[in-house]
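Given below, in the form of structure tokens, are the structures.
One chain, subunit A, links the two complexes that follow: it is found with subunit B in the first and with subunit C in the second.
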Partner chain A sequence: MTAWLRSVISIYRKDWHSELRTRYAISALLMFVVTTISIILFSLGSEEAPPDVLSGMLWVVVFFGAMSGLSRTFVTEEERGTSMTLQLLTSPGAIYFGKLLFNLVLVFGLNAVTISLYAIVINGFVIRTMSIFLVAVVLGSVGFAAAATIIAAIIARASTKGTLYPVLSFPILLPLLLTVINATRLASEGAFFSEAVGEFQLLISYIVVVVTASTMVFEYVWKD
Partner chain B sequence: MTDTVLLTASDLSKVFNRRMIFRGISFTVSARETLLITGRNGSGKSTIVKMLAGLLTPTVGTVTLALGGRAEGERHAMNFGLVSPYLQMYDEFSAEENIRFAFSIRGLKPDEDRIAGLLALVGLGARKQDPVRTYSSGMKQRVKYAFALAHRPPVLMLDEPMANLDSDGTTMVQGVMADQQTRGILVVATNDLGDVERYDKQVNLNDVPRS
Partner chain C sequence: MALRLLLALWLTLVIILGFALPMVAQPQQWYDLPIIPGLEEKARIIFFHVPTAWLSVVGFLGSLGYGIRYLRKKDPDDDIKSASAAGLGFMFCILATVTGAIWAKFSWGTYWNWDPRQTSIFVLLLIYGAYFALRSAVEVEEKKATLAAVYAIIAGVTMPFFMFIMPRILASLHPEPILNAQGKVHMNTMMLVVFLSSLAGFTGLYYWMWKVHVRIERLRYRHVQLPGG
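Presenting the complex of A and B:
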């Protein structure tokens, strides 16, 4: 294992150990997901909404859930004053990919919980083409984590980070949200896999652009 | 490797919010030399230390570190050990875990014997598994020393080295400084001028131009 890779994995493991002890992000994510799904459930009552509305609402829960927890990875470093310690230990690239890995696992966990709860309690949410849905969730999660990580790094030093995070994230995440909502709608309508290929190409392009741009700008965002 | 370490600052200037903190600072420090950075509060001692460690970019000027005659690029910061009031440890973790991170995040395999030796050196062996948030300010300062020394840095920088330490801690730091003087570069930023003659070079920030 190279020193760089060991450094990336160490940052990821440090963040997980820290999260398991403090439970900042996990608690915020779970509380938000449970609260939002409950509100949707009460609003719908016994009515069955059409698939495109239910697909959109699923990703609304994911978006705001992610906004409540994914910024913690950089915000806690700033709040505790450990950003400088981390800067002294390794390269900006290793820090970015370590934090991205942490957010990826967090988003996959968030989506697993959200989708399971949503499928159990929301009346009429049925996935007819599971392959489209799974690919959309995987690519959507990677895109979410990639965008959320760089935005978290940008807002970590701002005094109004709580409000700035969703405000800055929304326009950046909009292309991803629209595409993933469309793919989920296709999955719930029982479309063929080939019909969703265009959506997947868009999602892959989004991920490549965001990760490439993040790698290029992170050093300037992270350092003074 | 530490025989040929060379730290060079050329024409350093820093402007914060349109205010010139200092300008035109140049010096060279080589292996087994010590540099004292002194000056009144707000004169920019910590700013220079951060620049040397690669934590802050100078407005004008450059800092270069050469090891074995070769300039260090991306790994510049990893050749430094830094103890300073603004460098914080992860307080939900123990001293032992913090030192282990100091190895692994640098991409090094944690050396358990070295970790035990460092904890003994800084006098935290008995409390090594307690979270850092339960430590006193002096104990936290001791953890910073173990953290900074873990990778045997060619350049050790101490910003206010004796802050919060008791007499045992002060003795420990004097030992660390003496050891560093035999094998690398030691940079100290302080207002405590009790032992000025021990330093080979000095930068007095009270004397530098600010306009």
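Presenting the complex of A and C:
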């Protein structure tokens, strides 16, 4: 168990090392967020959109931002030709969780940047119930990372890597997206925490289901 | 051959009955169909729309089932069966979407209003679309089969969430609550007979088409130089 955990951590640290060497995912994510938010700003002009529209748009930014950065996790292994070595070195489960951990941190970072930027520059985006919003963001990020990781593993094996990623992810992420958008809307309307409990139950079960299914099928995707 | 003829006859009969049986307020004759308030003559769509929607789900489940079997046994034949089921499911999914939209135009006044049912069939269409996009993006047969099966599994486990999410977002206008209020089906015996025969007939049609498709794909697999697939 400890050996397993150690390989998970080393996969995670290895990914950070190679990420910090090129900073590809981080810079792509950051630029994407900045670009999308400025497009929203330009298209809004001096108008003030209603809060439910704004809470939906926040997740549009997060979705496409995540799509531009998270697909790299497995693609880089294929491009560098290191996937064989990894296969020899450790178990598929350790790889999956290491990559998941990396994506988790990436998504949390992405969301922190996106949301603070969004809250600063977009007028009319107010959160009245902070507790709902925070829980929704945390659970939503975990769900995002979970679904994105297994789709990234699939996509790394296909020949058209970039374009297919959002196509494959969207139907999988849609239940999650609809739920977090709904929770964000509740938060901006100032609903009580108890009103959003159903949303949180959905998010938690989504995470559990996706992670469980992913661990079961990851081996087939990963092994040649 | 005899089975195929029987299937053709069966479906012809179902189609004729579905369109021709009179709909009256107080069904007296054995062949009378009841008028369902709010649906009237438009209720006839149930004989054709519901089977297509059912088969689009059957196609997906079939693809998922054979996908899982492929992952276990790595038998290329299972992948052929899985892909054929998905192909047919996609076709029936399009049919269900289109017939539903036409019906919605006459019942709700608009082709599309993001009713929960429309949203869920739209997501099913997206999943099918993504599934075939993935298949066409992988060249190696084995890898294609594995990835497609894995994707079908991941999509299959997230689909049920819509059943819980949709009612929270929008109330449905879909007539299932009218037809099936409190679990009591508002159809008389004749309507139920036609409906169930249509369901059986369409399922038979699906099964036959699937068999033919599997045979074609098997030939294509053996003679890889044949184009397509």
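By our rule, the second predicted complex is superposed on the first by the 223 of 224 C-alpha atoms of A that agree within 3 Å, B and C clash if a C-alpha of one lies under 4 Å from a C-alpha of the other, contacts with A are read in each partner's own complex, and residues count from 1 in each chain.
By our rule, a contact is a pair of C-beta atoms (placed from the backbone, for glycine too) under 8 Å apart; a residue touches a chain by one contact, two chains touch by 3 or more.
Since we're looking at a predicted model, the values are computed, not measured.
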Clash or fit, subunit B versus subunit C on superposed subunit A: fit
Touched partner set for A:159, first subunit B, second subunit C, both or neither: second
First, second, both or neither for A:215, with subunit B first and subunit C second: neither
First (subunit B), second (subunit C), both or neither touched by A:6: first
Subunit B versus subunit C as contact partner of A:35, first or second or both or neither: neither
Partner chain in contact with A:90 - subunit B first, subunit C second, else both or neither: first
Partner chain(s) touched by A:21 [first = subunit B, second = subunit C, both, neither]: first
Contacts of A:81 with subunit B and subunit C, given as first, second, both or neither: first
Touched partner set for A:170, first subunit B, second subunit C, both or neither: second
Closest approach of subunit C to subunit B (Cα atoms, Å): 7
Subunit A positions touched by subunit B in one structure and by subunit C in the second: none
Touch list for subunit C against partner subunit A, complex: 71, 123, 126-127, 129-130, 133-134, 137-139, 143, 146-147, 149-151, 153-155, 157-158, 161-162, 164-165, 168-169
Subunit A - residues contacting subunit B, complex: 2-7, 10-11, 13-14, 17-18, 21-22, 80-82, 84-91, 94, 223-224
Residues of subunit A defined as touching subunit C within the complex: 147, 150-151, 154, 157-160, 164, 167-168, 170-172, 174-175, 178-179, 182, 198-199, 202, 205-206, 209-210, 213-214, 216-217, 220-221
Of subunit B, residues touching subunit A in the complex: 50, 53-57, 74-75, 77-78, 80, 82, 86-93, 97, 101-102, 104-109, 147
